[in-house]
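All chains are identified by letter, namely A, B, C and D, in their written order; residue positions are counted from 1 within each chain.
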Amino acid sequence: MITEHKGARHPGLVQLITPDGERVSHPEYDPWVQDVGDDQLVGLYTDMVIVRRIDTEATALQRQGELALWPPLLGQEAAQVGSARVVRTEDFIFSSYRENGVAWCRGVELPDIIRMWRGNAASGWDPYTVNMAAPQIIIGAQTLHATGYAMGIQFDGADTAAITYFGDGATSQGDVNEALVFAASFQVPVVFFCQNNHWAISEPVALQAHTRIADRAPGFGIPSMQVDGNDVLAVMAATRIAMDRARRGGGPTFIEAVTYRMGPHTTADDPTRYRDPNELEDWAAKDPLKRVKALLERKGLLTDQLLDEVEGKANDVARQLRKACVEMPDPAPSDVFRHVYSTPNTWLDRQEEHYSRYLASLGDPAAANQAEGATR
Amino acid sequence: MITEHKGARHPGLVQLITPDGERVSHPEYDPWVQDVGDDQLVGLYTDMVIVRRIDTEATALQRQGELALWPPLLGQEAAQVGSARVVRTEDFIFSSYRENGVAWCRGVELPDIIRMWRGNAASGWDPYTVNMAAPQIIIGAQTLHATGYAMGIQFDGADTAAITYFGDGATSQGDVNEALVFAASFQVPVVFFCQNNHWAISEPVALQAHTRIADRAPGFGIPSMQVDGNDVLAVMAATRIAMDRARRGGGPTFIEAVTYRMGPHTTADDPTRYRDPNELEDWAAKDPLKRVKALLERKGLLTDQLLDEVEGKANDVARQLRKACVEMPDPAPSDVFRHVYSTPNTWLDRQEEHYSRYLASLGDPAAANQAEGATR
Amino acid sequence: MTTMTFGAAINAGLRKSLENDPKVVLMGEDIGTLGGVFRITDGLQKDFGKHRVIDTPLAESGIMGTAVGLAYRGYRPVVEIQFDGFIYPAFDQIVCQVAKMHYRTRGAVTLPITIRVPFGGGIGSPEHHSESPEAYFTHTSGLRVVSVSNPQDAYTMVQQAISCNDPVLFFEPKRRYHDKGEVDLGIDPASAPDMGSAAVATPGTDVTLVTYGPLVKTARDAALAAADDGISIEVIDLRSLSPVDYSTVEASVRKTGRLVITHEAGQSGGVGAEVAASITERCFHYLESAPVRVTGFDIPYPYSKLEMHHLPDLDRILDGVDRALNRPNSLSGLEG
Amino acid sequence: MTTMTFGAAINAGLRKSLENDPKVVLMGEDIGTLGGVFRITDGLQKDFGKHRVIDTPLAESGIMGTAVGLAYRGYRPVVEIQFDGFIYPAFDQIVCQVAKMHYRTRGAVTLPITIRVPFGGGIGSPEHHSESPEAYFTHTSGLRVVSVSNPQDAYTMVQQAISCNDPVLFFEPKRRYHDKGEVDLGIDPASAPDMGSAAVATPGTDVTLVTYGPLVKTARDAALAAADDGISIEVIDLRSLSPVDYSTVEASVRKTGRLVITHEAGQSGGVGAEVAASITERCFHYLESAPVRVTGFDIPYPYSKLEMHHLPDLDRILDGVDRALNRPNSLSGLEG
């Protein structure tokens, strides 16, 4: 027999809360969450409830024609809240399109969360006000941006880090693998946070990865961890370990958070065409929200008062979201020409001038004014 | 301490012949070369001498202005000859630009080896006559072609395999990593043969890979081997193991052949600008040709007659190569329009007609004839 | 004749190709079990199996590169790019490999690859889902580029593209997928008009209106509307964008003396620029006015609340027609 | 004034930019120790360090994507693409990220990235080393595209490109790297003619000859030769390809009534198509003949023994000039 290097040994999935809400100890990960007291636990629970409520409300808004599209994160609340809550303000986040839970934790304003999904903008917020980049739709592209940003952190000698979110499907893209190469070569402070939610639209994770996703990074010289992505504490611990290493100059880390997309890919998707309903049921039993709720219950913290309070908060957020959505003003026609360049552009200025004349010729008074005024 | 998956354990570099020419035994690899008797050893030696002679001659031809460019393989003879000699006729090879030793073993005609380097064609040979694709200049692109070809082998139920050659630098490209993903997902009969010659033009391998290159593939679920690429027997054994596994439906394998580019990147390169001469010296001591020669000597096979014979053969090849080069007819101007499409194309036909009229207007009689005749 | 949607017509054409040639394989993201995000490949994996209709990993360069390898082995891959905006990761493999392999190997290797691209806007999608990248490919020698505008052409031309020995970019106007039309499923693609030829979609005498893909319907509607004003527009559906069938366009412009070109892609360097330049070269003395381009603006495709401003519509096209006819129009009085 | 090669002038411009702004970083393959395969960055890593002049792994998408991240962090990356033909793996990052980020974020994020591309043929190289991909980028909104034709412009414009807040594709005619010229190193790029403006390289009155990059020299030589025949050619060096400074071109064509455009890139959908279409639109009534394009053929760039047939040279340009002037030329007698 030929002894060959066939794959990596791994310590297995890290879990700190069982699906039944039992807190299990893990000597290596426990220290990283030992400061998480009852208040913080309640805070995490509250965040997760709100994030799920935002998701439900946005889905409803889409069904009612108020949003053009929405990518539900149902089932991924622990992965997003657990990680985002330990990213510091000065750190920078590069995410994909599904990280609305991360955006919430980051303090993104409610209208900004839905702006692009309503079709009112190509992205929702100013990245520099929340240190979170515009959501990325091109699968995997943002992992390189995070790596480049982390190169900048390194050049600046800053003690912050970048973290990038991407899916299991994204791991097949060249860009993600090139990001691992650059991150490893330059040993920059970046954390690769992969939410393995088991699906890339209709494609199961097995089509993208022949082995554990967490095994990928060590082949590039990047340490990795595989954590239960539905366990908010495990996610927190892993993210802290990784961010801490990055900030201390220890280079990149890869985290695979094993979770499950319980809803459709987007509101335009119909998972009944490709998904075994039993699989969904299995994962419903591991629901991240149920789990932290059970933990709170075991700890005697799940009072009616708390439940009411949290529900009230979530409903408030939902109401604000809905209001922000339906009241969002439409963009002006001339916005179509804005921000293509930061410097004047003769070609585009001419097109804008012609178009405003055209609108004026249709008898649109607003446009007529514009046609006479300045073009920029 | 956090136990994490930091990298893969590996059995280390496989070697069957020491730099001094001692045959060392290796229980797992030996069986794969036990059929290699004295004759075959002499054959391998002969190939390596010829391949080096082709290289020297082509370099001289370039210096004399007969070739536009040449990418020397000096130092990589064992990696190329050892692997190519165990690829069967029915298997298919997808290489980069430096595998002229592979082309030689494949039976590519001498003029075809230099055709593109003289500027007389974009590639040298008909891939289907030797089952070796046109050399690839875009770094890494051919690894996907090999993987796709292997998908075809699988669909056909054939018991052949594809093998692709690429460099250490190429491992940074997205395409190579995507090839690993596809090969692993579909478990197709393809062998990834990486010649780690320590340099990508002026960039050392450490810039491309933070860990052993052989560690990369297991993270994709692909078994890998690291062999001494200057040891022709070790290379043969590893390639046989991999090709055999592929043919038997065992899926892809990755081989890192650790070797050294002793010459410049191409004849246009000046390695003194970036390379420590001591490093070159170290590797000269591990020269693949010296090594097999020393082995032959230990076996008492290195007679003066053999040396003369091999030198004679190599000189013959060199003479033929030179003759083929200087006598190669120039292409016709109208060749510029050939083979862009396999079907007629009105745009291009018009451009050809106009150009032949133009040439005719300059008073070129050949062109004038053409302008009057058919355009295709 | 059968009434069917545009999407169903492509599905039927793909099915025919899969039936007729065992070397035809379909590849793409989500094209198997799901039948594609637009359901164009619906049911095909079920009927032809996983080796004929292949769900691939999520990597466009990987899909294109393995398609090259399959073609090297004698297969005829039909690649689906999920949305126009996701073709760019495959750009290198398309431009350097797919387009050049035949030239590189002096004809020894043909790559009969069809690249299906749902393209264009008008469906209210977010960024990267509404692009018109066709000009990148018409500027790439070695490729053929076609775009279909109606179910019958979709059915016939997809089969012609698949049986063509050259690589073909096949642009499908996604906002027309649900449009219905009559399709003759019994048609023999080999005897139908070649995909390289343009078609006169609406005959006319006063002005030539050239377009392709999603705007053919809009252009024909414009011709109908103009007829009420006594203006006779000849609408030409280019069908083939590379090469353009200039003989058909030339014949029309020699008759009308006026040319308008409309497409969704941005103006600068778009297909319209090439058509305007080539027709001016070929018909200079027949032209009574400068060729007019009515196109998308030179902007990234806008968010959906603004896309109707970007996309040429019936009124903007008619304004362009007025310009070509030197009738009063939105730019009247502006010099140049 | 200092006499220096084109390559040395770019090197000097890069050095100035590195000196003036600590946020400027150079990235690329082999640009450090080696100084680039063309030695354009020679000595810069030694003088500015490994964090300012970065040898990157061999992955163009990786280089471009990390440049985006660096720009996000406030840096001004100057990326070297080793050869024109190797820009395609970075195409997705350029088209979807570099070009669109400013629009996407409504101006919140600027990406002042300069992408240096040695381009064009004439140096006897194998495949992928002689391409002219500029039209892909002039068709991409959100990018600025310039090309330099002489050492002085190279020195000045590379600094202007680097200080521009929009991303700039900077095309360097590699076959001119060794050409020498006078360079005023003391020039202040901010007060020099803007890189967006075209320049009249040779004044003339009979015909306007528009070009850029490597062919400016050829065009000027053609003008000299034509002068002997009593033909006065006005050569315009576009300098900026996106946007084109049409006011300069228009002014010339209004004067001459004739237009010839020449470039190495293939004809279909090249920059020449856009210039021909736009000038026809703007100057239709001034044109006495159809704009003529003298360009590379619509073929993959040929192997080096044939490249002189592909590349427009002085004679072919003059033949095009004759066509524009309705003088006897190679196509005389052909209709259309």
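The rule is simple: a residue touches a chain if its C-beta (ideal position, glycine included) is under 8 Å from a C-beta of that chain, and two chains touch if they have at least 3 such contacts.
Note that the structure is predicted; figures quoted are calculated from it, not measured.
Between subunit B and subunit C, the least number of touch steps comes to 1. Averaging Cα atoms per chain gives one point for each, and the point farthest from that of subunit C is the centre of B.
Separating the CA-averaged centres of subunit A and subunit C is a span of 35 Å. Each chain gets a centre from the mean of its Cα atoms; for subunit C and subunit D, those two points are 30 Å apart.
Per-chain Cα centroids separate subunit A from subunit D by 40 Å.
With centres taken as mean Cα positions, subunit B sits 44 Å from subunit A.
Shared interface positions of subunit C, defined as residues touching 2 or more other chains, are 56-57, 59, 61-62, 85, 88-89, 92, 96, 100, 103-104, 127-128, 141-142, 242-243, 268, 297-300. For subunit A, the set of residues touching two or more other chains reads 121-122, 138, 172-175, 178, 181, 185, 207-208, 340, 347-348.
Subunit C contributes residues 29-30, 32-35, 37, 55-59, 61-62, 85-86, 88-89, 124-128, 267-268, 297-300, 302-306, 309-310, 315-316, 319, 329-331, 334 to its touches with subunit A in the complex.
Residues 92, 94, 121-123, 126-128, 133-134, 138, 141, 143-156, 162, 174-175, 178-179, 181-182, 185, 338-343, 345-348 of subunit B are the ones that touch subunit C when the two sit in their complex. Only residues 25, 51, 56-57, 59, 61-62, 64-75, 77, 89, 92-93, 96-97, 100-110, 141-142, 144, 164-166, 196, 242-247 of subunit D touch subunit A when the two sit together in their complex.
Chain contact summary for the complex, subunit B toward subunit D: residues 68-69, 97, 116-122, 137-139, 169-170, 172-175, 200-203, 207-208, 268-269, 273-274, 330-331, 333, 335-337, 340, 347-348, 351-352, 354-355, 357-358, 360-362. Against subunit D, in their complex, subunit C makes its touches with residues 61, 85, 88-89, 91-92, 95-96, 99-100, 103-104, 127-128, 135-136, 138-139, 141-142, 242-243, 250, 265-266, 268-274, 276-278, 280-284, 287, 289-293, 297-300, 336.
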